[in-house]
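One chain, chain A, links the two complexes that follow: it is found with chain B in the first and with chain C in the second.
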Partner chain A sequence: MSVSKSVSHDGVPISIFGAIRKKYFATPTDIVVSSILAVLVLWLLANVIDWAFVKAVFGAGRRDDCLAAEGACWSVIASRWRIVLFGLYPFEEQWRSGVACLIMVIVAALSCVPYFWNGKRLLGLWLSGFAVFYVLMRGGFLGLTPVFEQNWGGLALTLFIFAAVCILGMPMAIVFALLRRSELPWISRTMGLIIDTIRSLPLLTIMFTFAIVSPFVLPDWAVGDKLYRVIVGYAIFFACYQAEIIRGGIQGLPAGQEEAAKALGMGYWHRIGYIVLPQAFRNALPPTINQIVITFKETSLVTIIGFFDVMASGRAASGTAEWSFAHVEVYCFVALIFFVFVFSLSRYGAYLERRLGVGRR
Partner chain B sequence: MLAILKNRHVRDTGFQAGFVGALVILIVALVVTGKANLEAQGLTSGFGFLERSTGWRISFSLIDYTTSSPYWLALVVGLLNSLFLGAVSLSFATLIGVTVGVMRTSGNGMAELVGTTFVEIFRNVPLILQLLFWYSLLLSLPAPREVEPVLGVFAFTGRGIYIPGLNITGLSAFLIVVSLIAGASVNLWLSTAERFKTVSVAVRRKWKICLWLGVAIVVFAITWWGRLPETPFFTIPEHRGLNYRNGIRVSPELFACIIAISIYGAAYIAEIIRSGFNAISPGQGEAGHALGLSRWQIFTRIRLPLAIRIVMPTLINQYVWLFKATTIGIAISFTDFFMVVSTAINQSGQTLELIAILMGGFLVINYSIAWVLNRVNDAIKLKGTQMRI
Partner chain C sequence: MTEHAILIRNMNKYYGSFHALKNIDLEVKRGERIVICGPSGSGKSTLIRCINRLEEHQSGDIEVMGTMLDENVDHIDEIRREAGMVFQNFNLFPHMTILENCILAPMLVRKIDRVEAEKTAMEYLARVKIPEQASKYPGELSGGQQQRVAIARALCMKPELMLFDEPTSALDPEMISEVLDVMVGLAEDGMTMVCVTHEMGFARQVADRVVFMADGQVIEQAEPETFFENPQNERTKTFLSQVLGH
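Up next, the complex of A and B:
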């Protein structure tokens, strides 16, 4: 693509002005469209820059300047960023929350390295990362003061829920997909019914059911903390979506793969573990990454159920009377946090898709 | 004994019976525990509470609802609100999404840049965050007394958006939207379904004229039937004192929901549309070019129809997914179905029944959306050798 843009039809390289003209001003219609859009974009850009930088107030604790200024009040972020990132976590211990978040980010980054691309290593990486995360956050030994889950908040809680849902949901998804593909009609049909039903319910209602309603229907010993109930509900929801993705990946395999394994006398678990699943995951990689991206974004829904995740702590940061005028700035800050995570993940997914050449075999 | 277990048929039956049986036992156990727990709190189970009056207000309703209305009516109000929000925001999402998707594949560098930026910004930020952002932006608009209407008829105030409208009931407005959508669907069906391929274009045009006349008559009848008594038919917002009178007030909650879901959905739909256009082999457009068709003709006659057929299955899933996203309205207290149910649970305590109604409602709606759109897909999809695009 990029080559064809700088070379004319005869294969003769054309000048940079020629390239710009071809890209933006090829026909009279293009000239009109490009000009109108350019004017609009410049106007929007000028306004945004004016608001966000030129007339904005930077630096902590300058509330009065903010009230007088017309632009954005970044002062609220400078003064309250700890609330947004760490929530109600005790002030002196917030370094733990920060380190825990960093570990989770490192784990996510390491899973992008090809060395970790097999079931055991990936599972080991995530489980150990998650364990370190939990120990750091929870404390209670090694001289760390215990901090209970009720006081977790901000980015750490968001990452905790996200990681727990993925770790819990992925094995469940594999089991669901295998049951869905079972040769026994009653098992596959029942599983299909369950998956379809859960997939057509909104995530919010599922979280709500697990958070508010499940204490009524569970015996006392099985109720547990509200946070873990929501995580289980979310994990089941995730597993139902992911199971369909894995099933798609399995169906994309040539039937000969499994038949050959059968002919070699491999048992069911060997066939699934060494032949089917590795190839199915490779086929299903782009939608899987997409699903993980969506899962991370929708973690923010827990704020409605009453958890203090990064979304809710952002609202709390501008919720006091002191900063109540600065909602939009805080939302922009939280949006930036999400954007960095989600955008880099989805770019990585697009890169992988090109690299693996999925669908071009 | 062991010989029986080694029999494959017996083993298979055992597995299946065990699996289904375990599930049934689990569900029964949950329901029994639930009933026992609720009865311990002195609540009688059953759906009798639906006839009791609610005693709480609903801020936005398309039909008549008062605090003395029964629970079932409150649930209907919530359901209609959800459907209304879904219909409006899905229409806008499609409109914006198709525009952006076309921009991204237009070959014009500027349009591609704008489209890409739009998609990347709005797809990578959670919906709830966008919703709260738009909501706080709408609430920070100036008070009504400081606002001069735009073009004389649109007033953007912190207490809501005032637009001109007809003095009709909410229910009839909803019915009008439904009949317009139905008309458009039948129109699409008439022009694309395989079974009408043998009918000449002129005859089909006559059918379409009849169809739209019929729709017009229905819309007119609904409008007339739904007129509010003793008010002028057409109403324009007017400055009166500290506030605006007349016109239709769109509450900030509803407006924020519509903006957020439309834009978020549009970003996803744009990506689907783009992939649809990219999947068309270049030979199709080149063949049109060789036949002397203009760029516009190639777009409307060749590329767009092919793209619609390619993206239809993905789009169906997207619509179901977006409709589910309307439950997000509860974050800013828009009284959709979910919000009404959760209020009803708080007020009446009939947890299990109301959750069953909630889930049943969503199952029915989502399966109907998928069913209708799948019928449309079956009607318009390419058959046989045409599949090679």
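Up next, the complex of A and C:
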């Protein structure tokens, strides 16, 4: 924190207390406001610690202790965490679901390594990670018992939907953005109309349309599992937003960039792949990370279509008569899971921005 | 092999209803060095950008290195490979190092392998006197250095012809000569060059012919000697007194 690094005007480091006094207790008004806020914060913190730790009940299967205790009942998590993470996935096979989640996290972590920072490697990494994830979850070969999609659930399902939407949606977004800026007016107008229409619809409507309505419209062979229909719908929704983000990034480029590439004899796809998109993504990095974070959070909407994502599984974990009193604790746990993912994503985004800024200066 | 590097016959260019180039006729022989000058807005950039199809002309013929510039995409690609271009604003690719800037097009367009492309690139970077900057990014270089890289990048494609559009206009005065020196060296090696520039010293020193444009027309063209000492057209005289007079 900057407080400990503060220096006084003559450059001599001053103590933490000195810095605090200067920053928060300089004038009488400061003193009053700071004191009141400090007391409030300490009081809140004390209550939370008291509830979450001091008076809390830890360890599996201690329902009766929980009912007697005033604090949090973490016992519910210890007893029911498997439902939150894996949903209705068969108990003996849940290790597969766990490994699959781990692989997704590893893939995400690997994408942070600069070695993977080009389109081909990134796509290769995500596709192979996704394939391993799918094989582990679905089974049916390599001696793994098949587990059908309707039994997937919990964190594993959330990660699956999220990864599938990103992998499918990102290339679509690029295509949409390129069509949107096509030199042929009827192509760019049509694409613009499609993008604007889909963006003006709520995500939930799109999910419903794809999950429930589309089977009546589509030919049988194209219907597929409800899960995949939702993913396709969500991916199109994602692509429409992301396409506009990419288009913004492209518009931020000086016209001279594409002209220089043309003058060097580079064809359309070379210009797009080597000059336009890499720079557009750099320009559009903050909104892109933002879009990905939102996409992760909004996967929880699939509960409404009847999927058992981490949110719905959480509700199921405290849904039995045995544990229904402990739903707050379960929601805290689910919130913590979301927080860990979203917070690391946004921290990583901030790091990327700093790092990519270097080449531009 | 044709004798002409560029052959423009009765060419017209419109921006919407605005007639930007009017009945342009221009010949550039192989190995010839042309300087184009004229007041701002007279169509110099437009003309030079029509030569490699950064702008499309509406009528007349443009032939570059014996290839007719028409709707055929192969012809356009062919011409762009043979004509290097240097812009006023350098237009280096900011997300790539200097070396990557220089090897990208040779590898993608000429299909040269990386080792060979890097070797060529280092030769040209040495020629523009900045081999030591190869691993830096454009943003870390001065304007004059960036423009020299831009010249090296164009040369790495081994073009038959070089087009310059006011290559020193965006530079601080103290950096102009380092870029002009490179261009003079290029001229001495026999490169065919078409340069839009207001550097009249450069024109006197290397140009075989100076072309004066105004209002989208070629008003007058002559050898530098004649052009500077004995201009025929009234507008040329006015222009020269402005750029030389100060």
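What we mean here is this: the second predicted complex is superposed on the first by the 346 of 361 C-alpha atoms of A that agree within 3 Å, B and C clash if a C-alpha of one lies under 4 Å from a C-alpha of the other, contacts with A are read in each partner's own complex, and residues count from 1 in each chain.
Just so it is clear, contacts are C-beta pairs under 8 Å (C-beta built on N, C-alpha and C of every residue); 3 or more make two chains touch, one makes a residue touch a chain.
None of these values were measured; they are calculated from a predicted model.
Superposition of the two structures on chain A shows chain C fitting alongside chain B with no clash. Of the two partner chains placed around the shared chain by superposition, chain C is the only one that A:Arg282 touches, whereas chain B remains out of contact. In the overlay built on the shared chain, the residue A:Phe216 is in contact with chain B alone; chain C does not reach it. By the touch criterion defined above, A:Tyr274 lies against chain C but remains apart from chain B after alignment on the C-alpha atoms of chain A. One of chain B and chain C touches more residues of chain A, and that partner is B. By the document's definition of touching, of the two partners only chain C reaches A:Glu259; chain B does not. In the superposition on chain A, contact is made by A:Trp186 with chain B only, not with chain C. When the shared chain is aligned, chain B comes close enough to touch A:Ile304, but chain C does not. Taken over all C-alpha pairs, chain B and chain C come no nearer than 7 Å in the superposed arrangement. Per the touch definition, chain A reaches chain C in the complex via residues 254, 256-257, 259-267, 270, 274-275, 278-279, 282, 358-361.
If you check the complex, the residues on chain B that touch chain A are 12, 15-17, 19-20, 23, 30-31, 33-34, 37-38, 106-111, 113-114, 120-121, 123-130, 132-133, 136-137, 140, 295, 320, 324-325, 327-328, 330-331, 338, 342, 345, 351-352, 355, 358-359, 362-363, 366-367, 370.
Touching chain A in their complex are the following residues of chain C: 52-54, 77, 80-81, 83-85, 87, 89, 91-95, 104-105, 108-109, 137, 139-140, 153-154, 157.
The part of chain A that touches chain B in the complex is made up of residues 20, 23-24, 26-27, 29-30, 33-34, 37-38, 40-41, 179, 184-187, 190, 197, 200-205, 208-209, 212-213, 216-219, 297-298, 300-301, 303-304, 311, 315, 327-328, 331-332, 334-335, 338-339, 342-343, 346.
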